[in-house]
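Two complexes come next, and they have one chain in common, chain A, joined by chain B in the first and chain C in the second.
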Partner chain A sequence: MSLCLVRIDDRLIHGQVVAVWLRALGAQRIVIVDDASARDEFLREVLTLAAPQGVPVEVHDVASGAVRCIELATTPEPVIVLARSPRTILALRQAGVPIEVVDVGGMGGGPGRKRLHKTISISPDELRELRELEQLGTRVEIQIVADDRPIPFRSLDSGN
Partner chain B sequence: MQRKYAAAGAGLLVLMLLAATMPAAVLGASSATTSAPHQITVSFLQAALIAIGYYLANSPWLFGLAFFTLYRPLVAGFFVGLILGDPAQGTLIGAAINIPYLGFISAGGNLPADAGFAGWVGTTVALASGIDATKAIPIAFGLGLLGTIIFYSRMAVDSVFAHWADARAEKADIAGVALMNWLPGQAFLFVVSFVPVFLLALNGPSAVQDALNALPLWTVNGLVIAGGILPAIGIALNMRFIFRGSAIPYFFIGFILMTVTHGSVSLVVIAAIGLCLAYLHLNFVSRDAPLAAAQAAESTAAPVQAQEPKVRLTRGDLIRSWALWTFFAHANYSYERLQGTGFAHAMTPIIKRLYTTPDEIRDALKRHLVFFNTEPNFGNVVHGTVIAMEEQRANGAAIDDDAINSVKSGLMGPMAGIGDTLSQSTITPILLALGIGIAGGTASGSAVPTLSGATGNPLGAIIYMVLVSIVIVAIGYTAWMQGYSRGRSFVTEILKSGTIDRVLIGAGVLGNMVLGALAATFVVVNLAPTVTIAGAQMNLQASIIDPLFPGALALGLVVMTWWLLQRRVNPLALLAIYLVFAIVSAYPFFGPGQANSGDYSYGACTSSLLHQYTPCGAPPAPTAQP
Partner chain C sequence: MRAFRIVIAGHGTFPAALLGTAELICGPIADIAAVGLAPTDSPDRYAEDLRTAIGRDHVPGRAGLRVLVLSDLLGGTPFNVASAIARRSPRIVCLAGVNLAMAVEAALADGDLDDALVEHLLEVGRSGIVETERHRARRAS
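Here is the complex of A and B:
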């Protein structure tokens, strides 16, 4: 499995990803799947330039991202896949991307969102989408940085 | 997670307190340099000052620089030393305590350990109870894990105050939002910081002294050995960021320079050589460095507005806004919003200038109270850009909430990625390594080969504080103003120009040199076993390994630790393993009589594998068999 980290993070590329995860996993490529960023030329450019040198960043919308992830999953190169929301990951999964584990790494708080764990807050829709992912056989885990112990989503999901 | 860290911290602390136990008389004999440990009784006032110092280290009151200065054990050690009347020894202890935190990064509300707590409480306990710097390292590390409870309780409680700020925003109350960003959060922080540190400063040293009178001698020797090998973890954690590619040889150059000169060159000299090499490396060696001048000047974006604007921001507004952010970005750091309330607070001068009706003010306040987090210095380009957008919007440009939100949420991550790489994993550790290296020397300025002969040099803490403050403020101010005046084009230009990469590569060269030199000073491995060659009994390390390559074992330990971390071995697990290994290797399996007899001299090799302070060499060590 060369999709070494599939992560939900509403800030996509940032310190935890660049300074911690990338180093810890030795990943050589970052694939961002996000419709809004893929549409916006400026954001696309910023995201591509934000990773350290030698780590190419690709920004895809969901449709092309799914194709790309399926392709990359069969290569030996370790890849980090980032998406802003559970919905995107669910769409990738339904499009046939082999995702064994999805890491919930950052979902900010706001109106209508309930705090699940530390910096992870969640809306009812997202809760449903994560449950659906589990039903499809993808393990959902909360792990903010690489040195944390992963917490199974199921253990935090009270079921209401 | 916090419970896990707390439990680990508490467990480690108990272990440390037990292991630190040692009869005072033996303690005196154990240290070659200090005749007797001078113990200090911490007064009520001194404990209060130390507790206030720890609070300040987490507070916004030092122009946002507390996290880069007072929070670092090196600086904390200096101030604790000042308060307790021995700044040199305090700085030395702080420097030693700081080593495991060289690779310390706190990003996105995640705190692996409370380095500030380790620094303030650890130095106090060590200095007041007369423990030397080497033993302070493992004790303080346990404290650092315990201290995370304070941070996590604050992150949880601050979410409540964010909602109080929401309520003020609903009433278009600008001053109220600003107040809610600092007053309740800081009041809470003061209480949870002051009380535990005050009590520990007052009672910790005597508790340690009491504990000092119970445990067998070899465990304490083990603690000293641990103080020599635990720094390898801190150095290796930092190496994860800079020890790669064509910069790798510079680490070894730094290490060898330090060992072959027996530490007679100061870290400042090593850093100066490092700067020269960085220049040469960038210009003549590195193939992965982009060319600086290659990029053609892009046509700068046309001014956005042609006609005379209705409202204009003054330079004063911008500076006030920047200052508010720099002070209060983390004043109400919470799980729910992270820097969200800090962002709104910083925007108050802008909102005051641009908007007049209560509806506009309320909307603007609410717009900026949402979840936000970036690196608070380089990340300031986001604020600058957003302020420019707000100004255009107030002047009638068609910029809706979505446009502003997408710039904030789109840029905050990438800018944090670059900013953290610059400030937290490059600039701070390199300057810290420099400061620690200076602090770990003698007051006359020259470094010493190992900690045991050092007297401490407060200049290390002072030089670090000044340098880091200048660099961090300069980055923050430039990013803010450039973000405002040039916005998106500044972001893409600076990223494309390769300037940041050149800075990182150059810093990597300098950093490796300094880190290598630091490893030579602080990582100490002393083998006990001896071999018999031609009838003479010789210490394996002192007579055979070190003459070939001085410090080879320490260097090997550091590189092995780095290798293990690269293979995703958990640093905390590694720490526990090294600690147990150190204590076990001090056990006198071959020692004379019982472990507790205390009738053997320190020159003799009583431990089975590793020895404290120096390799046991000259005096015959009949008991240690190869």
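Here is the complex of A and C:
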């Protein structure tokens, strides 16, 4: 399977992704699945600008992203898939994208959000969505940068 | 005299340290600001700080003042936020990969922020990156 990293990160492409993850995984393509970015030509362009030369960036909505991820999962090309929220990853999983592990890498704080681990915060809806992903057989892990030891979501989820 | 403002944008204390170090080399620098991204800053929060440092579009007496944003890492949040702001405002130019040579060159620049100066700054940044043995061999040939 060549979806070498499927990551939830509310910043999508940023320093940790380009400077650490791309290099650590030798990924050659970034696929962003985000309805809002896919609709907005300006956001698409800013995301494309953020990647280093030679690393193509694709921006898809959930529907076309699912088709594209299923296709890329069968090729040997190492690909990083980024989404802003657990909801998007759950939708991809339900659409048949083979996601063995999802990395929770960046979910910021705010009203109604509870701290889960270090800089990772979570809303009640997101908590439910991550649990549902686990029920579908996708392992959920928290790993901010590649050198961090991945922490199983299950070990942090008190079940409340 | 330089006819544009400079804003250094980057992760953590890099912008403040780069500014302090540039001033160590060329003395106090006018019309320059450093905006660091703290680990707890959201992109929205950082955009606010950056917009404040860039200044409003129409300051009385300085309408349309051009601004050069020197950001640290291509694809990093400071660059992403700055490039989004720059794409919407033609008076702002955003570079990535800033180093000390570029910062000093920009600080000491004369006149307007035009295409020629932008090209020159990119060239200064690149040509200052060498490995001594390769640099020596090239100098000798």
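By definition in this document, the second predicted complex is superposed on the first by the 160 of 160 C-alpha atoms of A that agree within 3 Å, B and C clash if a C-alpha of one lies under 4 Å from a C-alpha of the other, contacts with A are read in each partner's own complex, and residues count from 1 in each chain.
Here is the rule we go by: contacts are C-beta pairs under 8 Å (C-beta built on N, C-alpha and C of every residue); 3 or more make two chains touch, one makes a residue touch a chain.
In this text, all values refer to a predicted model and were calculated from it rather than measured experimentally.
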item	value
Clash or fit, chain B versus chain C on superposed chain A	clash
Winner by number of chain A residues touched, once chain B and chain C are compared	B
Which of chain B and chain C A:89 touches, first, second, both or neither	neither
Which of chain B and chain C A:40 touches, first, second, both or neither	first
Partner chain in contact with A:54 - chain B first, chain C second, else both or neither	first
First, second, both or neither for A:108, with chain B first and chain C second	both
First (chain B), second (chain C), both or neither touched by A:15	both
Against chain C, colliding segment of chain B, chosen among 235-243, 487-495, 523-531 or 559-567	487-495
Touching both chain B and chain C, residues of chain A	11, 13-15, 17-19, 42, 45-46, 49-52, 108, 119
Contacting residues of chain A [partner chain B, same complex]	9-20, 23-26, 36-37, 40, 42-43, 45-47, 49-54, 106, 108-110, 115, 117-119, 121, 144-149, 151
Residue ranges of chain B in contact with chain A within the complex	1, 4, 105, 107-110, 112, 152, 155, 159, 162, 240-241, 288, 290, 335-338, 370-371, 373-375, 406, 409-421, 424-425, 488, 491-492, 495-496, 501, 504, 566, 568, 570-572
Partner chain A, residues of chain C touching it in the complex	11, 39-40, 42-43, 73-77, 79-80, 83-84, 87-88
Touching residues (chain side chain A, partner chain C) in the complex	11, 13-15, 17-19, 42, 45-46, 49-52, 108, 119
